[in-house]
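Just passing along the structure, written as structure tokens.
Which chain is which? They are A, B and C, in the order written, and residues in each are numbered from 1.
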């Protein structure tokens, strides 16, 4: 009877772990991102100074690698005499928080619309497809400009704007995946067992959509961080004196020819973060997609 | 004869086909005034080729689709009067492809207990007790509880699907080609198991199949569908010995059999390699 | 190249295809899998060899290895692998491509995936022919029409303009057979060619294959999981399990007097005409312990 009794092979999770361990891009991305998350969490402990404390006597001090630099201000100070390292460390918090919240918020909107469209098809699908087209036709900057000028540039408003502007990719991916899953017999089986529609959508379909959602989600975090920086640079995002990388670039844009570090350092932080996230996202796609059944 | 458990009365199902810019509107009559009764304890086989309407019939009998005409009675009452959960209490499905009918992201325990979770009447401990009991009856070890479908063979998966169908103690199980995706040796195990379970659980089967030798092995009565019409319905002995309808005769002639076993050939007692 | 007269079926001549000690090892990330282990087979003109086995028995890998259609992570070895006079182990990939189609042709389970959906079947038949034979389009078309007629496609000249999706499953499989015959091969390898078809169509296709095979004196290797199908069409049968041949012989011998326990168990699991639950019982669990590794 050994054939009946045997359980073969690893669990789906073990299989994923094994594939992840063999994917260098994913490992590098995840490592950098983990460090960034730790930095964000521990920013008050790591930062040598208060990121908001101005000292007009200490304006535009050079970084430690310049000839006149000191260890007291590792990255120097900005035009208002604030410690630049502390501001960049605290900026990690703002960027990751906005990126994550916006990705989750837009993920909820996009996944819901996509699942409904894919599961019901027909008229529901037409309506959702119309919403997707409308969303794609909206110019992000113009909408942000309007919303921010009405409601102001508080952090949660930026998150809300981004959530409402980034759900389209989720909806497209989830809709296609749901259409495929809908014809699988386990959905029919659940229907025949008397399962309600919410149970089928959330209990049966959602776990199978976790893969594509994670992949899109990770890439959207990067997207959101870039957008937040762009909006802040234009003065439409986070308002001063909050230490946001985009805002820091904007505040220093006049200095670009005199003190390039003021732009290069927050710019590098943005690039590093987004690169790490994209490496992880691409890795996730490779890891999750080959085992479509896993 | 006892009262029918399920009655299919004059059931028709018409699908309207595409009406896009390039296609003419058309109708497909998948089922055409099909009538039969299902009696408690019997195995009624529904035989037909692709396009015969057997899948449509199975969907209607599972309450997943409504007939365009006619009605289906369950225990004497029209199926429309049942709520979905109440209907599922009485009728449960086993599908063809256990690779597709089990959600790949759920463990064996979650899969089997699902009908109970939907019914929402028992506590967690009680559900687990029932799942264990059923695994025991199906001769599957309890360490399978936390396995995922991807870790199991086709036969094991089909056992899980059967366990899931039986956990809420239904009266009717509708098997839609339950063995056609399996190897012959596994098919034999599953067929024998289904027949043993019929006695244990006092089940009535509707067995949809294209394989006539399988049908002859397990069915009490056979209904033959051709292009949506019920062309013949008879006891299995009568149908195989003297089919009335030409189409049935053609089916029987096309079925491939192997020569009968000679007396010298007895199944081995065990592995003796 | 063709033999002058079809040989007598009962006394097969020299084998068309012969494989000795054929092994296939597939490298996977989790280690090497020996899919086929030391299989011998030979098939002569006018003979059909049935290969029966369950999933994972290596029967399909064997057929692909014979055509040298294995992916690069597979290692095929054999003491001898000969098609007529040609040693298939040493010929170049280019020569092999010529041989496939010209001297050996394959019929697959799902014609819809084997036929190109965007080309008419006439075009596909003609291309196959012209790739291997220097024939004019008109000649090739005439040949294609004749063959479609022979395999029972109604109104063959009109059908040349049809696309695969316009045909029913049975017709598509007939077209596949015609395509396999276009270059007059010596050997046809059919891998589960009737599994996707309805029973009545399946019987028709099997009869057609048997007829054509006898008429042209072809050698045919017919792979199936269905013992009933093999019993209907094959002369010789080879039962595979775990990558090895466990039993071989004439169909009548193997099916009526199986010697190997696996063959016996397999046969006892197949429902036969007149078997009824309660009176007869399918032998299902008797060889379950046979287990991994072939047991030898």
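By our rule, a contact is a pair of C-beta atoms (placed from the backbone, for glycine too) under 8 Å apart; a residue touches a chain by one contact, two chains touch by 3 or more.
Predicted, not measured: the structure shown is a model, and the values here were computed from it.
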Most central chain, Cα average position: B
Remotest chain, chain A as reference, centres from CA atoms: C
Whole-Å gap between the CA centroids of chain A and chain B: 47
Inter-chain centre distance, chain B versus chain C - centres from mean C-alpha coordinates, in Å: 32
Distance between chain centroids, defined by C-alpha means - chain A, chain C (Å): 53
Per-residue multi-chain contacts in chain C, two or more chains: 285, 289, 291
Numbers and ranges of chain B residues touching at least 2 other chains: 189
Touching two or more other chains - residues of chain A: 1, 3-4
Touching residues on chain C, where the partner in the complex is chain B: 54-55, 169, 198-204, 206, 225-229, 231-232, 252, 255-258, 261, 264-277, 280-287, 289-291, 294-296
Chain B residues touching chain A - in the complex, by the definition given at the top: 62-64, 84-89, 91-93, 95-97, 99-106, 114-115, 118-119, 139-141, 143-144, 147-148, 150-153, 155-156, 159, 161, 164, 189
For the chain B and chain C complex, residues of the former touching the latter: 49-50, 154, 183-185, 187-189, 191-192, 195, 210-214, 216-218, 236, 240, 250-251, 253-262, 264-265, 267-273
Of chain A, residues touching chain B in the complex: 1, 3-12, 15, 184-186, 188-196, 199, 204, 207-208, 210, 291, 293-294
